Amino acid sequence: MQPLAGYVFLGTAMFVLGVFTMVTRKNAIYVLMGAELILNAAALNFVAFARYMGNRLDGQMFAIFIIILAAAEAAVALGIVLQIHHHFPSIDVSKPDRLGD
Amino acid sequence: MDFFDDATPAWYALAILLLPAAGFCWNAFTYRTEFTRKRGHIVPLLTIGTALFCALTIFKHAVIDGDVGDTPHAASATHDAPAHDSGGADAPPAAGSLADPRWSWSSKAHGVVYRIIDTGALRIDAGITIDHLTATMLLVVTLVAFLVHLYSVSYMHGDKRFSRFFAFLQLFSFSMLGLILTDNLLLLFCFWELVGVCSYFLIGFWFEQDEPPKASMKAFMTNRFGDVGFLIGILLVYRMFGTTDLAEIYAGLQAVAEGRAALPPLFGWEAGTLLTVAGLCLFTGPMAKSAQVPLHIWLPDAMAGPTPVSALIHAATMVAAGVYMVGRIYFFFTPTALAFIAGIGTVTALVAATIGLVHNNIKKVLAYSTCSQLGYMMLSLGVGGYSAGLFHLYTHAFFKACLFLGAGSVIHAVHTEDMREMGGLKSKLPVTYRTMLIATMALGGVPFFSGAFSKEMIVEHALMWGWSHGLAHMLPAIVAIGGGGLTFFYMMRLIYLTFYGAPRDQHKFEHAHESPPAMTIPLMVLAFLSFFSVGWPMPFLGGHKLPELLAAPPALASIALGHGADHGHGGFALAFGVLVLSCLVIVFGYRLYKQTYKDRNPGPEVWVARLRPLHTTVSNLYYFDEFYRATIVRFSYATARVLALFDSKVIDAIVNGVGTVGQLIAAGFAAFDRIVVDGLVNLNGTVCHALGSRLRRLQTGNLQDYLAFAVGGMAFVTLLFLFLA
Amino acid sequence: MISTIDSSHLLSWITLSPLLGVLAILFTPREKHDVIKTLAAAFTGIPLILAGWLYFKFDQSQAGYQFFEDMSWVDAFNIRYTVGVDGLSSPLVVLTCLLMFFAVFSSWNIEKGVKGYFMLLLLLAVGINGVFVSLDFFLFYVYWELMLLPMYFLIGIWGGPRREYAAIKFFLYTLAGSVLMLVALIAMYLKSGDVPSERTFSLIALAQKGQAGLFDHGSTLFGMELRSWLFLFLFIGFAIKVPVFPFHTWLPDAHVEAPTAISVVLAGILLKLGGYGLMRVNMTILPGALWENGGPTGWATALALLGMINCVYGAFVAMAQTDFKKLVAYSSVAHMGFVLLGLAAMNPNGIAGANLQLINHGTSSAMLFLLVGVIYDRAHHREIGKFGGLASHMPMYASLAFLGIFTSLGLPGLAGFWGEALSLIGCYEVFPKITAVSTIGLIVTAAFFLMTIRKVFFGPKLPQYAGFPDLSLREWACLVPFGLFCIVLGVAPFLLTDWIRPSVEALASLFGKS
Amino acid sequence: MNLQDYLHDLSRIWPEILLSVTALLALVCDLLQRGKDPRVTGWVTAIGVLFTLGWICRDVGLADGSLVFGMIVHDRFAMFFKLLICAGTLVVTLLSLFFRGFQRDGIGEYYSILAIAAVGAMFMVSTNNLLLLFLALETLSISSYALAGFLKRDARSSEAALKYLVFGVLASGAMLYGFSLLYGYAGSLDLREIAAAIRTHLHVGEHGLSPAGIGCGIAVVLCLAGFGYKVAAFPFHFWSPDVYEGAPTPVTTFLAVVSKIASVGMILRFFGGIPHDGEGAAPLAAVIAALAACSMTFGNLGALMQQNAKRLLAYSSIAHSGYLLAGVAALVAPSAAAGLAHGATAGEAHGAATGLAHLAVGGITGGQAVAFYAAAYLLMNLGAFGVVIYLSNRFGTESIDGFAGLGWKAPVACGTLVLFLLSLTGIPPTVGFVGKWYLLQPIWSKGMHWLAVVLVLNSVISLFYYFRLARSLFLVDASKALASPRKHAFGTELTVVAVTLAVGVVWFGIKFEWLSDLVLSLRV
């Protein structure tokens, strides 16, 4: 059994990278990939903790649901990105700025 | 049955008080009717006439018949009051019995009382006090008021606000009589202000003109200064004795004087200081009302009102109310306060007399003369001449009213008040001339005229006071004596400029004619009284001697402070000496007048040239007005403007911008780029607005900025959490 | 404390009957102006008649609450519908009914949005009377806030050129004060018992607990103890209404912009709420904050000082005004200073004086605003400097104006004097120096009023005002009753002092000498 | 657990089932219509939601219980919030029906998504399990993304959807990461155990927090990011003005009201287990209080100069999140004076309702206050948005300047708007005032006096912008009105909705005893 700290460290790194990606990358696809990183960081944590606490199922189930939800989210997200591409001929997320003070 | 055994006098007194009030209401509420507009004088004449009759009745019973069956203060003391042999020295009664020995009648003892207010602490039971002072004042006021009413019928004839004039005369009579009758200091203050407001309206009666509104406002404001002092005095008195009832105040101070009680500690002052300060505060009221320097400035200007008003209010009655009030609370004044009063009186007597020497407006000369005579009265009261001062009040009321009405008659004839446009009117206005001459004699103090008696008593007291207090205190006496000369001089100058010599304005002279009887009859009556009011001590009026009737109350304040009897009296020798001295001074005054005006050797112009700086100062009225204008008036306006600016610019702004809290928050965003803010309410440029627009910068519309802010926010919250933990 | 249980629900009728008027007007077509106005008059007339009844039925020898009504409202928090009046509130109720009735009449010339105007006016009447009769703090607060909205719209819709500014300023200021009051209200409620069933909003119970010292010992926040915070919060809430310097700047704007009738209500009654609140809440529930260890506390001194500033500052600022209405507005600031002085005195004279001043100012300032309204209707401006000689053109108007102005400057024999005199007498016993300085206000007040008289009424006739008619019958009928009140209360102040005496003494007895 | 029990358990979630069925029916209905007339679909949905609402009302009195392996709790708290969610959804459905922008073809599935979002919202408040919580949250979120971008031809709508989505993904990702850490700390997905773990770890000892405490705290802060995003609280509110402005107004209403109330219910569930016997999590309370104060201040200040009514209401809703969070702060704060429990017996004698024993210890709790405020918020915000829809329908404007003088043209609807604004400001006699008053009690009694003062002062600031609306509507002469009325604007229908809500606002502002008793029986 690997020390838990390694998994948590990996998860944290993924989370930070995901956040960094989402904040810095302009391309919508990259942004969504950042989101995937974050979600998977959480999923990794769940699995690791579940395993560490005695092979529990609940954490693992959580991870599975996260994957499902990530897929659903991506579907809606891509739909919206298509809309954006239609209205603003670009998928640069910083382009749509008609709303705002 | 004695008149004063039951409540009857109260009904008479109430009739005196309320009839003029009814007359005012009648004229005020029916002023639109034809009757009142044309015949607005009838009801007022009736009411004031009835009041005069009632006053006469009271006077007859109280003074002439001496029906003094009821003496609430000291039943026995009245009848065996210590005899005064002459001259009106006001020796206090024997120590130990500090109750007021004088006769007085109170309506409260007979159940006539009006509880005007009761807060649980302050209770004012308005009652009526009648004593010799009141009875005499009532008679003087109703008489002069009646005569002035009568005179005005003719004088104001044709004025478009004829009925309103009478309405205000009635209101004034009501207030003045209330002031006399009341037995409560706070109510006295009420009537005090009421006469002030009547005076205000009557001075400003011809409000379309330029001068009267200004003069009326000046009068009211000056009096307001005095009144506020008076009010503070009342507050102090209430603080000391817990009451404003004069009899109770007397009883309270009596207890202190007899050592039965002590004054409450206040400001850490001892009793003497406290009583003196209270007395002086109270005295500021009379100072303004009786036109004492430095609050005298309003009286000459008040001559802008109709002449009957000047005669009634600004010569005979209202201005004398100050003297009356000082007399009423005479027991309250400490020696220091009395000395102050004497000093003020002295200065007033001198200053006003000197201005009278140079003024050319007939009414203003008379006004300064009034001022000067009021100074005399105060001086007299201050030096302990209680009866002398009040006696002078009575005599002065008649002769000065006579002079003013006479001046009114002259003005009526020539339509000018400037004496330089008169002259030689003796032939045209014989009655006016003669009556005014008699009054002048009385005012000048020519022996056997009424004024002489009162004035000599004043001089006598001043001399004795100076004698007993040391050389520096002789000043009042010197002024009192010397002032007699000045008085005679300026009065003769007035007579000369008006009636003697050649007419200086031929046109006006030719159109002049004697006034109708409604005006001359009052003049004659008053001239008669100017001569004969001295007759009060005469046997046929009941055999009482004046000093007895106007005996001073025990000087409680002095006794309370450990000062004993004031001073003795001079006796016949002193009285005779004073008489001689006065005659000499009058002769000197006459000589001076004759030399200057009759013989013109040298003429007045020469004097003016010789005394140029002095003359300039005096004819500029000692620059009092300029001084006030430069200080108080200017200060007030400046303060008002500055505060108004402050209010609209600073207070409003600070409180508006839900304020400094918002500013502090703004510091984080705006680094105080706008310290002075105009407020949340103003749409533009408020703190919140500024803050809001800073916040708007965050709302860029760029998604990734938002994300960054959110991540930053997360970091911020984490740090916050760590900090708080 | 509860003396009479009266089953007649008199106070509820007085308070709530205008609501019926609101409903009646709501279902009246909006073009029927006369019907609406008559309805408004009727539904302010009913409370007026009831208030007259209240006056005659009121037992003036009792200090306790009368016409007491008590019903449950929200049991979980012990919120109750409790109303009752004592000597402090009943005169104000009568004054309110009176002024509202005349406010309707002086609004007869309103032509814009008649329906809304009179509905809001009636709603305002409900709020004001409600505050005076409430004996439950929650109810008090609800009524207190109920006034804001009608007032906002009445100023904001029917007001002068800067009405929007004035309206929102009024609203913001008053709300800022009342939310702090809300905090204090909640703090007091929570402190009044350990468990909810013991907690109470009843002003009677809170007063008992407060007088027993419940709020005297509390936690210290930011270096100030709880009682002081409570006092401060409540004070600010009421001070803004009074208004006390430096919270007074809403007043000139609101008064100047409001239509005449609303200025009358504002000056006549709304300002009174502040003074009443100080008595009913601050002084009754937190007496310890004002008087401790046998002497006045710093709060009392602050109250007196603020009163002094109001008197002097208000008068001076009024002196600099050129707008007649603004001048009257600032004179109100000065006059309300005397209320503060009287309350700071905490003795029978002072408190009675403050109450008298409340009533007297209610009549005299109402009268002055009506008078300004009359001249504004004719001249369409209010610049003092542009007037002149009106006493020649409009003698009846001028006479009534003189009456109002002299009442306002405290001429003895008229209503204004007694309040000022008693406040000063009372305050002098406690704060002699502050009182002495305050009297400067008397002088300055006289000065600016006389200056106004001189400029507006005196002087030569001006051609531009030659055609001005004197008072119409309606204006006359609105003004004369106030004039009569000024005189009657001036010569017979005992009518009021006897009425309020037991309650005043009861309140003053909280501030013992030792 | 056998099938019988399972089916019995299902009978307790009939409302959710009914609503799901409604969603399907709406879809079917739309299909049958071939996307022609969206109104039929809308009415079908409305009837379904109404039916669900009736069912909830029927079930409110049922005894507490938990089902499906303890994942779903069935208690008064859940029922109360479901009631609010369902009522809100009903009104939103009606508003959508009357919204001019939705009067065209191809809108039908909108109602279906709306109902699904509502189902998600209902599960959010009735679960005790982290996983189900996450699923419910995402159901609501993903549906909401779709709803926000529903006007496909409108670029602003798409932009709103994108912003909402990306921000949401980030925030809920962070929250999920926080969940995973909490799972590690608590060793369970059960919210009560997580709450207990938080309470234990965040106990500030003499030497400050333990390292585990710090980690747990960071986890909670990450969760707060997600919650803050859902309720639009500072500093996670940036999306909301843009999204509220860009999304179709009924959707904005849904986001501002239903979604927010559900999230508040979830937060209460999440943190509701923390206070225990007077103990709490002081540092957490402090953080939430700080966020609350910032939210209300920033929301109110931000609203001051808005021109768009929807945007203004967005900022207003940020401020209201602040008020709600203030109540949450009071909930998790430790008692100022522990040991008040001795008065419990006296309290019980008083209260008739079952939950009053809860109240007996120191009065109303922060959670109850928040629940009440949520109900108040529902009524007044629905009303305000309703009138905004009315005005944009009839006069084609959403800007405050455009509203000038409209009060005289539509006095009833605009009059009710004034009432809603009054309520939002918190002035009696409206339910908003009662709500504020409820909130202030626990805040004060937990010793957070400064927060109480900040809260009330904020309501003063809010008055200023709320009454800019009122000023524009009424204080400008009708003759100066720029907008002219359109026909077929559903004026009457929307007015009826607004008046109904206004009656509620005033009724619960005066006779709030019923609502009060209901709230006081909630165990939070």
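Which chain is which? They are A, B, C and D, in the order written, and residues in each are numbered from 1.
The definition used in the following text is that a contact is a pair of C-beta atoms (placed from the backbone, for glycine too) under 8 Å apart; a residue touches a chain by one contact, two chains touch by 3 or more.
Quantities reported herein were computed from a predicted structural model and do not represent experimental measurements.
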Checklist entry - Going by the average position of its CA atoms, which chain sits the greatest distance from subunit D? => result B
Checklist outcome for this item: Higher number of C-beta pairs in contact (B-C or A-B) found for B-C
Next on the checklist: As a quick test, compute the distance in whole Å between the mean CA positions of subunit B and subunit C.
Outcome noted: 36
Item to check | Cα-centroid distance, subunit A relative to subunit B, in whole angstrom | outcome: 95
Checklist entry - Which integer distance in Å separates the CA centroid of subunit A from that of subunit C? => result 64
Next on the checklist: From the mean C-alpha coordinate of subunit C to that of subunit D, what's the distance rounded to whole Å?
Outcome noted: 41
Item to check | Residues of subunit D touching at least two other chains | outcome: 162-163, 166, 170, 174, 241-242, 457, 460, 464
Checklist entry - When you check subunit B against every other chain, which residues touch at least two of them? => result 658, 680-681, 696, 699, 701, 703, 707, 711
Checklist entry - Which parts of subunit A, given as residue numbers and ranges, touch two or more other chains? => result 19, 22, 93, 96-101
Item to check | Residue numbers on subunit B that touch subunit C, as the complex places them | outcome: 28, 115-122, 186, 189-194, 197, 200-201, 204, 207-210, 212-214, 217, 220-221, 224-225, 228, 231-232, 234-236, 238-239, 266-267, 636-637, 639-641, 643-645, 647-648, 651-652, 654-656, 658, 680-682
Checklist entry - Which subunit B residues qualify as touching subunit A in the complex? => result 696-697, 699-704, 707-708, 711
Checklist outcome for this item: subunit B residues touching subunit D in their complex are 658, 661, 665, 680-681, 688-689, 691-693, 695-696, 698-699, 701, 703, 705-707, 709-714, 716-718, 720-722, 724-725
Checklist entry - Where on subunit C is subunit D touching in the complex? => result 73-77, 113, 116, 141-142, 145-146, 148-149, 152-153, 156-157, 163-164, 167-168, 171-172, 175-176, 179-180, 182-183, 186-187, 189-190, 194-199, 219, 221, 229
Next on the checklist: Going by the contact rule set out above, which residues of subunit D touch subunit C in the complex?
Outcome noted: 340, 343-344, 346-347, 349-353, 356, 359-364, 408, 411, 418, 422, 425-429, 433, 436-437, 440-441, 444-445, 447, 449, 452-453, 456-457, 459-460, 463-464, 467, 470-471, 474-475, 512-513, 516-517, 520
